[in-house]
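Presented sequentially are two complexes of chain A, the first with chain B as partner and the second with chain C.
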Partner chain A sequence: MEAEGLAIRAKDIAMSAIGWPNWRRLNQEGIVFAIAILLFAAAALGLPGFLTADNLVAIVRSVSVLGILALGMAVVIIGRGIDLSAVAIMAMSVAWYLQLLNTGTSDGLAFVYVLAGVLAIGLLNGFLVAYADVPAIFVTLATGSFVFGYVRSQLITQDAVPVPGGHWVELLGGVRFLDIPVEVFVFAGLAFLVFLFLRYTKWGRFIYFAGDNPVAARNIGVPVRPMLVLRYVLSAFVALIAGLLTAASLHSINTRIVNSTLLYDIVLVAVIGGVGLSGGRGGVRNVLVGAALIGILLNAMTIIDIPLLYQNLIKAAILLGAIIVDGIINPRDEQTAQQGDI
Partner chain B sequence: MKLLRTLMAAATALAITAFAAPGFAADDPGPAAYAKALNGKRVMLVPLAMGFDLAQGWAHYLKKEVEAWGGTFETRDPNWVVDAGAQAITDAIASDTRPDVLIIHAPDLNSYSKLMKKAQAAGTYVILVDNPANFPADAFVGSDWDKLGQLEAEAAIKGCGENSSKKIGLVQGDQANSSSLYQYAGIMKVLEKHPDFQVVAKPDSNWDATTSRNVTTTMLQQHPDICSIIDFWDGDATGASAAIRDAKLDGKVFLVTTGGGEKAADCDKLEDGTYGAVVMTDLARQSGDMNAIIKFLLQSGQPAGTSHTYIYTLEKATTKADLKPDSCWDLKALQAEAAAK
Partner chain C sequence: MTFRERLQAWRYNLVPDHLVGEILTKRWTDNAIPFLALMATLGVFGSVIPGFFKLTSLQESTRQLGEFSLVVIGMTVVMLGGGIDLSVGSIFALSCFSAVYVFFILEQSIWLALVAALCTGLVFGAINGYLVGYLRLRAFLTTLVTFIFGRALFDILVTAYAADVQLSQASSDVLDFIGDGTFWGLSVSVWLAIILAVVTHIALTRSRPGWHVLAVGGSRRSAHNAGIRVRRTVFMTYVFSGFCCSIGGFLIACRLSGAGPGTGLNLEIMALTAAVVGGVSLGGGRGSVVKGLMGAIIVLTMTNGLIRLGYGTGTNQMVLGILLAVAVTIDIRWLKNRHKVLNEVYVAPVYLKMGETQSAAPGSGTSYELDNRLSAADHIGLGELEGPEDVILDRDDHLYCGTRHGEIVRFFAPDYKRSEVFAHIGGFPLGLAFDKDGNLISCVGAMGLYSVSPEREVKRLSAETARSWTSIVDDARLRDPNDCDIAPDGRIYFTDSTKRYDAHDWALDSIENRATGRLLVYDPKDGSTKTLLDGYRYTNGVCMAHDGKSLFFAESWACRVHRYWLEGPKAGTAECVIRDMPGYPDNINRASDGNYWMAWLGMRTPSFDLSLRHPDMRKRMTRRLPQDEWLFPNINTGGVVKFDEKGAIVETLGDLSGNAHPMVTSMREHKGYLFVGGILNNRIGRYKIEGADPNWTSPASYWGGKP
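And now, the complex of A and B:
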């Protein structure tokens, strides 16, 4: 009995190590992955034009920026934090950059300013969370509002800032390899880098320790606080990349996006894929699963021409369903619950 | 008979004016009455946000005129947040410096109705601009969105031509904003008269350019032979145009949209072929209408909420062919003018 149990456990571990969902103990990621596959199959059979190369590329592209932001968010969440300033940093850094270019600042200097600004906000987030011990949710909510308010009122004159004609950001938006837009490659590349970071670097592994139990991690000598700062800086730079890609595609950036539901969608993509909000759980694969579900869902609903109101309802119902099923299959009890669980 | 009487009355009036004018020129009661009614009055504009071309244009023209007749002009910036707008209106009504005229850009049909009623009860005239609402304001100044939709549909049909696929795609705003709902109704009215044209898809953009790009990409993949797309606002039509560009269908899909007639947002994009036609609001004239109705209401002596006037702005679908140097107004020039002061 004992040996058999161990063998099953070993097989489970081996299978999950190669990226195979663990059906024996179906978790939220598995459920969402299954829903995504079902939806994909149903759409492929039922919707004309769904299963074409162009449409599949369009699906991945439509969630690329969202997915990139979710990668940054996942790294922060795994370390038991959250970054609510991501969308503000994404939109406002690029809006400021474009405004500087439009008013005649040289490209190099403008970019240095913006990099410095993004670094400063990342550091501010990190220091306040790590060293002032203010909860991340309040710090980043405040810095997000600050970044939006300051840039919007002091540095730019309009909600929408256009990319100057012929600038590299505009050219970036037209870059294609094999007819696939550049943001898909950036998403894939970043996903791979974050995967390598989380899985194979010492600091990547430490993030899980710190997220799972910060006090214990600190006691065994993990530099918990500097790592916290690093995560918020990383998240800020990921947001800048996402903003540049958005501007590249639309030839302008509209700061109104800060008021949209994008921030919730980012958290949704990470959490629906199974990155636990309580920290220490999840990885790049979870983000990819979450992004796949959202991408397939939105694309199918657009093809069927479902009005936006119903789209939000369906999206919310699927999320609720996944959470409920997860709650039934993996009930929370004293052993699984962690301190600081949201 | 009636005509004759009118003519005679007019002739009499003319004769009296001509006869009496020289003697009373020095005592024209107009300027004094005008100054008495208007001096020191407060006008407040609460748009959806101050950060976009329409609001900045209105504010420019209103401020110039209101300050010229000795009034005070203020704006509030809810920055697209409905609650913040409601708070701004509530504060304005309750403050010691309650505005005499409140110009409101309503986010939807119902949100501000109670507040506007309160404002009128307190004695403030309420003017709705651009977006209609379920409320009998003292005046509505803005587009007849139904008519605007009809103009867009006609432009799209013309842009497609007789020998096209006759397939049209819509990128709507949302399902709550009156400008989106009425625009849709107007478009469908025209298309009913042209049964050979059909709407193949009508997703919402939620006024967001990225969403507009994604839904347009899908639409073009499903129906690559679409001949025209109508996007409900130039603020997000940049997304639809990006999707057309990415699908390498520039010049094949006639993109129609609507906007405030700002140079960079509309005319430049007609010029470079991004947009096929734009139904543009004549912003200077619309602001002029607001100025006129403000002056009328303040002199009328009638209590707020007495009369209900609709002043629709003349709209026109502009294409590259009929672009003129004065088709658009230039936000940059207005900002430079304001900065120079």
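And now, the complex of A and C:
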């Protein structure tokens, strides 16, 4: 087996030495990037009004919030986890914040409440995953459901909560540099920060170690459990930022977004760009590639005027394709697959 | 006895603490938590909501329960196989739509609608199964995506055809009956759920495909290596789930006569919560249909109850979220810590005040006085043997012993230098005896009573006895068969030392000191095993008296020897013949001069005797200290004792040097020599007995001269 592997690797090296294209090295990120470019070219040629400055800004803007959420998700996924409560935290924390403002709580106090709430949910997620050893999928599914249910039934009165007039969140939505809305800059800034964090800090490298092999990481002294908690807290705060930006651009927050497919879009952006679901692989670049493809696709579909329901169908089909390709490229082995790894 | 000590004796001997541990070893205790939760839920909502238990109210909620239970049964089977199916809501909705479409829009018969629904479910399930089973994708994400896909498709279809369904004139009595009618007081959906639950339960517990599902869920790799078709099994679980959902979808189509945007909404998280709350384990292998159903009732009662109590939007999700988080956490923690809890509570020591004993110290002048004679013994098989608990010689002077590797080793006469593995049985062969036909009978620790013919054919004679009515742990099983002997009529009398511990946990049994040792008899005529005596502290050696009318057996932890009468006026009763010895007795065998040899596996110590009067201390000790710091019987010194027919001690042999035979578990006299075995020894000793009959052999003593 090993000899065979070595032989193949030797053949690879020989092939690349003579300059033939090496299909083995073509990874998911490359494929997705190529598709995104093709799609972009096709849309630029075929769709009127696609290649205008306004539309390009609109594309970037439309994926900004999605991209920000996907950054948080990517950090969690690289550490071999998943955060299904992200959308619930995003919508419900901001809805609660706005509700507090609308009922006359002072801004500072309201913000402290919300920060504390977000921190608490992040800690709860992290604690249950890290210290109670409960699978992340179930923890975050449960807390997501709880956060939505609790805030919707106990703290707010309507599905949609408007931003009070003249509040800084409303003003934030109007801020533009060079005709580009602020969320694009926030997305770019966060992407750069996360990139620095993952690539150049000790803690960022530790996330890869823990995602690749948690037991080995623990054995070499990485504080695997506290860092797990940290990731879920980070993800929760990223969700809060995304929520504030959403509220800024729409002047209100609609909690029904929790029941929409936004959550799956986030996973889609991260996974389709090549962040491996089994952890330890991927980075900010993968998120950007995934966001580019989804942004172009959504924009093109909107321009062609495909109804939202069909857009969901198409997105689901693409996500399914991405997962199948991921499964074929990285097949699971009966001998090494982990028990209970669902 | 002080008052404090008397209180302790009552507390630890009368309160049956050990039952707690025994109950916890049962698999059915897994059901206890969900069952209590079920009772609590029904109790709370039944008392808060007026008319909760009224027939009409129940009928309406059970109708919904029937549909929901069907979905949960499917989910349970998938989870037992180690997967998860989040697309149940979509399959449910799409099947419902298929039935509605065929019936209301195509205006076909209701049966065709049923077929359409079933096909939809099976196809959707097969897609899931193919992706997860054959392509081995991650179940959670894959079914999450097929769920979105199915939901999007359903939303499109419902929007397109809702108006047409409203306008349709189609109607059918069958549909109305399925939707609204009852049969013997129960609605069709409940009947279907009950039938499917029973069939699935039987399939899972008593059929090959069901076992395959549990095997794959329990350990996918082992199932694969055992030759089970893992992929096909996983595939079938998803198809089954699709099938269950499609029936549910068909039922709701009949009940609501249509399909709406709310059909099957949130069903996946409800079904998942129900299965987990019921106690079906994530990751597979543990759970049952009954658990799934308990969970279904809990979840549906809670969500419906909250709606009827008038709580607003979102309450359902909140409650489901809490339920899911709590149930998953309990499930994971319970699985992880169950054995720890069990270890904590299983050992339940009792109070015992050992009687005063005579000293065995050299120079004490008592009949128990140990000397150094055994240190002069020759050794046989030094370094080749591990754990010759018992030794025996046959008519041709060959020497046999068991080893801890589960083998019976034979050393060849006359010099006992050469050896061979006579037979491999497994377990730990302990007591040995030859029957009339030269078969070697052995009590095999952790296995039972076995026979090895002179042709080396291994045969199991007995591994169980009748179960007692009040037992909680299975006391039919022989846990620690220890020694055996054979009566003139061929019946084999043997001991089973403890009911509560496996053979290798004998130290725990000594610390607990609970009297659970038994004397049993195996009758070769009809192959039956009967329990003769029960309630002794570690029954050990057995020896037929020279006249064959009674037998002696040792009670190790109480340091006593009893005589059990086979014939005569006291037949069937036991009496104590030696009590309060300074050592723990092991095997007993006949001596050439009409007396009996008895091994001491270790000596009593004042400290352990004192600890027997402090059960609380021993309990704390087993909980808080690592095993190698426990106080338990000293087995580093022992000896050989000879006693006569009345139980009087004749002489005592020891090895004070501690080099050759510090502990002795067995000895066998043969042609003027004493062969000495010890369960922790690496040799067999051969000691020349002064003045012994040089022609006496044990087989001749039992079965007469050479045939």
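The criterion applied here is as follows: the second predicted complex is superposed on the first by the 285 of 342 C-alpha atoms of A that agree within 3 Å, B and C clash if a C-alpha of one lies under 4 Å from a C-alpha of the other, contacts with A are read in each partner's own complex, and residues count from 1 in each chain.
Note that in this section a residue touches a chain if its C-beta (ideal position, glycine included) is under 8 Å from a C-beta of that chain, and two chains touch if they have at least 3 such contacts.
Note that the structure is predicted; figures quoted are calculated from it, not measured.
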Exercise for review: Figure out whether A:298 sits in contact with chain B (first) or chain C (second), or with both, or with neither.
Suggested key: first
Check your understanding: Does the superposition put A:103 against chain B (first), chain C (second), both, or neither?
Key -> neither
Exercise for review: Using the superposition on chain A described above, determine whether A:252 touches chain B (first), chain C (second), both, or neither.
Suggested key: first
Exercise for review: Using the touch definition from the top, say if A:201 reaches chain B (first), chain C (second), both or neither.
Suggested key: neither
Practice item. Check the residue A:309 against both partner chains and state whether it touches chain B (first), chain C (second), both, or neither. Key: both
Point to revise | Partner chain in contact with A:267 - chain B first, chain C second, else both or neither | key: second
Review point. Which partner does A:152 reach: the first (chain B), the second (chain C), both, or neither?
Key: both
Practice item. Scan A:317 for contacts with chain B and chain C and give back first, second, both or neither. Key: second
Review point. Counting residues of chain A in contact, which comes out ahead: chain B or chain C?
Key: C
Review point. Touching A:55, do we find chain B (first), chain C (second), both, or neither?
Key: first
Point to revise | On chain A, the residue positions that both chain B and chain C contact, one per complex | key: 152, 159, 309
Study note, to complete from the structure: So, in the complex, the side of chain A touching chain B is made of residues 48-49, 52, 54-55, 58, 61-62, 65, 152, 157-160, 162, 173, 181, 246, 249-252, 254-257, 259-260, 298-299, 302-303, 305, 307-309
Exercise for review: Under the touch definition given earlier, write down the residues of chain A that touch chain C in their complex.
Suggested key: 128, 132-135, 137-139, 141-154, 159, 261, 264, 267, 271, 277, 309-310, 312-313, 315-317, 319-320, 323-324, 326-328, 331-332, 334-335, 337, 339-342
Practice item. In the complex, go through chain B and note every residue touching chain A. Key: 49, 51-53, 56, 79-81, 174-175, 201-204, 206-210, 213-215, 217-219, 221-222, 235, 238-239, 242, 246, 264-265, 331, 335
**Study point:** Contact footprint of chain A on chain C as seen in their complex
**Key:** 82-84, 131, 135-142, 144-146, 148-149, 151-153, 155-156, 159, 219-221, 224, 230, 269, 272, 276, 282-284, 311-322, 324-325, 328-329, 332-333, 336
